[in-house]
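For reference, the structure discussed in these notes is given below.
For reference, chains read A, B and C in written order, and residue numbers begin at 1 within each chain.
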Amino acid sequence: MPHFIVEYSANLDGKVDIKGLCDAILDAAIDADVFELGAIRVRALRCEAYAIADRLPENGFVDLSLRLAAGRAIEVKKKLGDAVFAAVESFLAPLFETPHFALSFEIREIDPDFSWKKNAIHPRLRGK
Amino acid sequence: MPHFIVEYSANLDGKVDIKGLCDAILDAAIDADVFELGAIRVRALRCEAYAIADRLPENGFVDLSLRLAAGRAIEVKKKLGDAVFAAVESFLAPLFETPHFALSFEIREIDPDFSWKKNAIHPRLRGK
Amino acid sequence: MPHFIVEYSANLDGKVDIKGLCDAILDAAIDADVFELGAIRVRALRCEAYAIADRLPENGFVDLSLRLAAGRAIEVKKKLGDAVFAAVESFLAPLFETPHFALSFEIREIDPDFSWKKNAIHPRLRGK
């Protein structure tokens, strides 16, 4: 943990650098100073088939979910969410110049009692 | 919000029109009259690798998740779910003629305190 | 239900047999003796774009989620989770020989009041 998951409509191909979006989210997560570096995982899932609102072919979306371990203070999560959303909004600013794009972001907690993990990146980064 | 997410086994290629399934879900969501049109996003994720039940190569699945803002009455969500499920069941009826298909649908709420969004489709549709 | 969902970074191509991983998860789920065989669905989603930790190109991840019907005892879920995680850890053991891999697993419950399903596999297997 944490896991940032981007889902996006395939018609954003060529309009958005999705790898760059993942990098921007990682940057924002690092800057928020809430997580251990070795724990942060950002990834994107491309949705080839979709149906959005009034079905104009130009309609597209980016939906970001963050799953993180339960237990952080509400204010910490709010501030983190504000910062990440601002970064994503900024990265995707050109899309908002058209009336065909919707962005969303949700934070959801993981119950630590039902979470298992093994991370070989931590020891390498902790040793630095 | 709302977000409808279809996951399906890749062996449904050629058997199911997944884009058509997304459209059928959007139709059902519109007909339910619960959501603002510009907010509805339906999409599908294709699962190339899978292992299902007794592993017959014909075994396939469609799993639908709906994430929507918390706060609606239980009866509203039940009725919505019944209607969407009926539409999906009807669309996928040919698959149930074989003993190799499983369909599922879950509704989960999004905590509005940990949700961010920006939608450029709404102003266009609200202006109509 | 239950649904096992693997997400993984695309740089595991050629390093991990993802179909084999799905099979190992199915085996562990069957061995746990908690679920009806016809209900178990395991699948994987490949993430082409990602950004992980300190962004070394070798950094990779596997994230497993299990969604299952609410209502089972905590001890049952813990034991099931331990067994599935051990199976996945064992299957992915070679990846842990490098300092570039992170594995995670979360169990989340589905509210039966907001769950719909239709399964044509059950009758076939129940008849055996």
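Please note the rule applied: contacts are C-beta pairs under 8 Å (C-beta built on N, C-alpha and C of every residue); 3 or more make two chains touch, one makes a residue touch a chain.
Keep in mind that what you see is a predicted model, and the values were worked out from it rather than measured.
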Rotation in the CA alignment of chain A with chain B, degrees, nearest 5: 120
Interface composition of copies chain A and chain C: same or different, split at half: different
Between chain C and chain A, distance of the C-alpha-averaged centres to the nearest whole Å: 21
Contacts with 2+ other chains: residues of chain A: 45
Of all residues in chain A, those that touch chain B in their complex: 7, 9, 45, 47-55, 59, 61, 63, 74, 77-78, 81-82, 85, 89, 95-96, 98-108
Chain B residues within the chain A interface of the complex: 1, 3, 5-6, 18-19, 21-23, 25-26, 37-46, 67, 110-111, 113-125
